[in-house]
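Single-structure report; data block below.
Letters A, B, C and D mark the chains in the order given here, with residues in each chain numbered from 1 onward.
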Amino acid sequence: MVWLFRFAPYLIFATTVAVTMLTPLVAAPLPFDAVGDLLTVVYLMLLGTFFLALAGLDPGTAFGGMGASREMTVAAIAEPTIALAIFGLAVGAGSTNLGQIVAQTLSHPGAVINPGHLLGFAALFIVTLAETGRLPVDNPATHLELTMIHEAMALEYSGRYLALIEWAAGLKLLVFFSLLANLFLPWGVATTLTPGALAIAVIALIVKLAALGLAVALIETRIAKLRLFRVPELLGVSFVLALLSVTSSFLLR
Amino acid sequence: MIHWELIERMKFLLLLLPSFVSALGAYLVRPYRAMVGWLNALLSLLSLGAALAFASHAAHGGEALVFGPGELLRADSLSALLMVCVAAASTLTLFLSPGVGTETNYMQAQLRRYQLLINLFIFSMLLAVSANSVAIMWVALEATTIFSALLITLTRSKTSVEASWKYILISSVGIALAFAGTVLGYFDFVALTGRAENALNWPVLLQNAPAMHPEVMKLAFVFLLVGYGTKAGIAPMHTWKPDAYGEAPPPLAALMSSSLFAVAIYAILRWKVVADAAIKDHYTDSLLLALGLASLAIAAFSVVLSRNYKRMLAYSSVEHTGLICFGLGLGAAGVFAALLHLVNHTTAKSLMFFLAGDIERKYGSSAIKQAPGLLKAAPWTGGLFAAGLLALAGLPPFGLFISEFALFRAGFAQHHPWLMGAALLLLLVVFVSLITHLNRMLYGDAPAEIAVGETVGWRVAPMLLGLLVLVALGLTLPAPLETLLNQIVRIVSR
Amino acid sequence: MRLNAAALSSGSRNVIFVLALFGFGSKAGIVPLHVWLPMAHPVAPSHVSALMSGVVIKMGIYGLVRVTLDLLGGGPVWWGGVVLGAGALSALLGVLYALMEHDLKRLLAYHSVENIGIILIGIGSGLIFHSYGLTSLAALGFIGGLYHTLNHASFKGLLFLGAGSVLHATHTRNMEEMGGLIKRMPVTALCFLIGAIAISGLPPLNGFVSEWLVFQSLLGGFNIPKPEVAVMMPIAVGMLALTSGLAAACFVKAFGITFLAIPRSREAEQASEAPLSMRVGMAILALACIALGLAPFIVVPALGRVLAGLGGLPDTHPAFTLELSLATPGSASSVSPALLAVGSLITLGLILLALRVLRANRKLRVGDSWGCGRIGQTPRMEYTATSFAEPLRRVFAELYRPTKELTIDFHPGSKYFVQSIEYKSEITPWFEKYVYEPCLWLVRLLAANVRRLQSGSLHLYLVYVAIALVILLLSARWCGSFASRRI
Amino acid sequence: MNVNDMLFAQLATLGSSLVLLFGIALLWRRSLSAYVRAFRWQSLALALTFALIGYFSHNHELYIVAIILVVLKVIIIPGYLTRLYERVGGRREAQPYVNIVTSLIVAGLLVSLSYAITRPLVMVSKLPTRNGIPLAVGLILIGIFVIISRRKALSQIIGFLVLENGIALLAALGTYGIPLIVELGVFLDVLMGFLVMQILVYQIKDTFESIDVEHLSQLKH
């Protein structure tokens, strides 16, 4: 049991919290909008994944290694889709700053229904499922070595460490959902930090998250988990969607 | 005024007589004595001095000097440069000759014949570059063939006889064609102005060239190019080179690959000037470019699989012939680069064949795979050989790199990018295969029976000197040389 | 020389560019001229290979920028396109081959190929923007490329030194025989970890900043008027993103298998920390990685000044503030690794504080790891580097074309007792097989045929002379000259 | 163009055709002795042509040249050649690379080729001898062809001498002979070259026990 194994959960949690601070949950632009943009968000999460995978390798059990290997594979293959989705958003907003993107979409409500936007949303949605360990990529409820990815890495943790890791996972899901919600349909996001606006924003966020959660829940009830080597195909589909969204946003500019 | 005349005369005599006298001495003194060899070597210093005097005279912008009945001899800057090349190479050769200070496996009679013929060879080369009439130039060049052919078979080995026969037949045919070309040039002249005594003197030809018939001149130049090209070893007339260089005694090989080659190029250049004056378009350039590319290609791919380091050197000199042809075909800048390359190549090659000879003497074979572990067996010889080969491969800091660079710049400036690109690719092939062969020779373990240590210690010194010259030419372009080359360019591309 | 270059025709400029790309590219080790790199770097002593990949291959980058941007002053769009394509290809293939390597130093060498690719992506996009006159975006691309050059020098040097001290401790380069070294050599492990994070392009270290800059320059791609050109940019973005993701995976493998878990060999068990000199060297480079990561607001303007004036680039560089923000047409984004790091550290502190305040149970119970009820754990049960890379090997099987051979020999008595299982799998070296061998084959073929010319028959030689004579005579009569025709 | 010139032209053409004819005859024969004889006659015809041109063009240098020709190429060199093939044996040019009929056809082709090539010379020249020029060039090509197609070293020497004759004829017809000094140098070279070749032939005989050039193919690649 080495220092890295003990240190990893804290770091994972810290990065996720930092990411949460950067994401416009209820208000945009946030005071520290300039500290990190969308790319930073993505790469901070990757940092978390990086350490989680290392922590999975450390116990030296087959489970941990398996989980780490699968997790990194999925994360790596998901990267391009995320990057392209960001590209698509950046093309619209002329910036990768989250505040900027939100503001841009707010100021052009019509942009919400242009094909680039919708395709980008679909792509990022699939990636969300992959990154946050939902079905059909991973099954958070399982402990069967054939199926688990995220759980396999956290298998040797207990107590506060496990708590931090799971909490971080939850936060990650929240972040992805709110990114989906506020970047693509930013209605209700507070642009001024007045109590009224914030209240509306909170309600709007809850509604959107509920909707997304419902969608995910429906999907998880409808479909079974994919074989690991079908996952790249799924992500390939999302990549194509993202590429289409970018190119269309080029051609339609 | 008189004694000025006298001094000029002295210069020509100083240039030509020593080699003649040496030949005479070698003939008269029988059996051979080492003293003769030394004496001839020292005598050759005189002609070197004379050549340098010509060069400095030309470099200081002096008029072309003429001498003899019907202006038999003439020395402008171009001749001066060649004189220096030939004289320097032959001095080096005579000092490094067998039977001069060093023990040798030649017999007395052979040594005598060697001294006689090599001096006659040198004499005819010097005559060729200092002759005023293109016909005399031709006579002298033909003479070089004869003497060198006899020298190649100095040791009556099967291979040497074979090489000599091939050499003399191919180059006699070639040189005969050159004579036909000369006749055609003269024919053009006669058709223009009727017969005249000194009509074959180069300045006279050049003067009348603009009025000559381009069609006839084209034919003449083709004959001349094929003819002298055979002597220079331009592909596809190069086939005698590997045999002759491989079988000739090292000093002769060195002298042939450095000086004789240069003289043949000189002859081509002389005629090119006349032809260009007569033919208005770039006909000669295109011929030179085409043959240059052919030489490069054939040489490059022949080096790849060559198993014998002497023949490898021969092919590399075919390659450099190709490069120089390129240069001559690339206008003023190209000619400058080509002549610089000629000087560098002369310096490098005259070393390489001596080194190759020493290596062969050491290992008793000129096969590449028979001569491993050179650096262990003979560090100095091996090191020098490696340096020389790298220089021939066109690596800095040696002169050939600079001249090749200048050459390619000229090529690009002349808007032949694709031609130059192809040439570069071929050079790459040459480079890689040369380095590969070199590696095979330098490293590994020498066969047990090979005695470690230099063949002859002091021989290293003059070669080191030559190498230093090469490096110096790589680092700077001496002002006199530059002015000389510029004057030549002015003569050539008028 | 610049003046000469200005006078050149487009044809010769193109040739010069292509030749320069080949020459400097082979020095820098871009695909497909990279094959020498993973052979040369590992065999050198580690500090030398650190120097090689840190400095030597950068000469290629230097030369490329010097020639294309400075001497030739930029060129047509396809120059940038070629550089960008070569870069993207090198990046992706470099990391993909690195994933399959279990020789620590070969792995690092392949990562040099990858990073050179990233650098070239930056430079290529810069060239493209430059040819469209979008100078500030061009500057961004070049700055990204050069910044990554600096970074690669620091973290690759660090990683090679780390590999060196591991080598020194375990006397093997094979990762499968390492493991658990983090206990034996903590300093090396920490430094290697920092290097790994940096090279994976994760915040807040230097790799992240330069890759971020490259990303930003690519994101500016929609300013390119021609859609067919502009579409290259998102594709490059995708490849770059995939590259960085795979790099992260690869370094999880490299660090995890080498330093974590249980030692897989006796050497690894008895490994000892590297000597002080090496530790100091690594520490310095690690600090460099951190500094270059946290202080881009110092480095970037410096690079901007370096580039100013080359190929008519103005002295445009992102604003000089604590956060590195960009005010370029199309992309006005900002990031501040420093604040980011500070923020994360503060949150980390807060968490610990919270745990302290809440009097969380600080008793730590260390149990045996779970292995489906097996008795004891041995190294043989660990995940190996091969198995770690297996999923990706399958995903990219098209590229690797892995060869498998499985030999099982049974107990002579009964075939139900397996005596030994031998599994061998290799990936096909694609470029050696499909690019270089054909070239060599061609040269050999030509050589063999040219060789035949020198057949030894005098008559044949004379035939050559005669043929040359006749052909030239005919040309003299009936052909014009091609030298007068200019290409 | 007066009668004199016409006669001159006729005779010059006749002479040059004779020279060429002997060249072709050489292709037609097999034994070395016949080669030598053909060469001897050819040189004689050449000398006569020189004298002819000298007479009509009032250029008396050419008489000297003609005399030297007779001495050198009709008496000395053929004599040497005869001695040579008697010493080294191999009286017959055993199967040449190209058989007789083909050789003759090739010779015809070469002559017509030279007509095509030398068109400009004939156009340019104002001399009455100009019609012989293509024949001279043809002879040059035929000389090369002999060297290429015949196996024995001796035949190759003879081919080379034929080539020399062709060039001499070209010089005579095209330019009424090159300056005497040059001519002398040329003759010197021809003689020396011949002697050296002869020496080499003896050496070949000594080392290879045959003068069939076929054996000279140790050095390759």
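Heads up, the rule we're going with is that a contact is a pair of C-beta atoms (placed from the backbone, for glycine too) under 8 Å apart; a residue touches a chain by one contact, two chains touch by 3 or more.
These numbers come from a predicted model, not from an experiment.
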Contact-graph distance - origin chain A, target chain D: 2
Touching chain B and also chain D, the following chains: C
Dominant chain pairing [most C-beta pairs in contact]: A-C
Label of the chain whose CA centroid is most distant from the centroid of chain B: A
Core chain by centroid distance, with centroids computed from Cα atoms only: C
Between chain A and chain B, centroid-to-centroid distance (C-alpha), Å: 76
Mean-CA-position distance for chain C and chain A (Å): 27
Distance from the mean Cα position of chain D to that of chain C, given in whole angstrom: 72
Interchain centroid distance [CA atoms averaged], chain B/chain C, Å: 49
Residues within chain B bordering two or more other chains: 165-166, 169, 173, 177, 215, 219, 242, 302, 305
Residues within chain C bordering two or more other chains: 451, 454, 458, 462, 465, 469, 473, 476-477
Interchain contacts, given as pairs of chains that touch: A-C, B-C, B-D, C-D
Partner chain B, residues of chain C touching it in the complex: 4, 8-9, 11-12, 14-16, 18-19, 443-444, 446-451, 453-454, 458, 460-462, 464-465, 467-469, 472-473, 475-477, 480-484, 486-487
Touching residues (chain side chain D, partner chain C) in the complex: 97, 113, 116-117, 119-120, 141, 144-145, 147-149, 213, 216-221
Contacting residues of chain D [partner chain B, same complex]: 59, 117-118, 120-121, 124-127, 137, 140, 144, 147, 153, 156, 160, 163-164, 166-167, 170-171, 174-176, 178-179, 181-182, 185-186, 188-189, 192-193, 196-197, 199-200, 203-204, 206-208, 213, 216-219, 221
Partner chain D, residues of chain C touching it in the complex: 451, 454-459, 462-463, 465-466, 469-470, 473-474, 476-477
Residue ranges of chain B touching chain C (in the complex, touch as defined): 165-166, 169-170, 173-174, 177, 215, 218-219, 221-223, 225-226, 230, 236-237, 239-240, 242, 281-283, 285-287, 289, 297-298, 301-302, 304-305, 329, 409, 412-413, 415-421, 424, 429
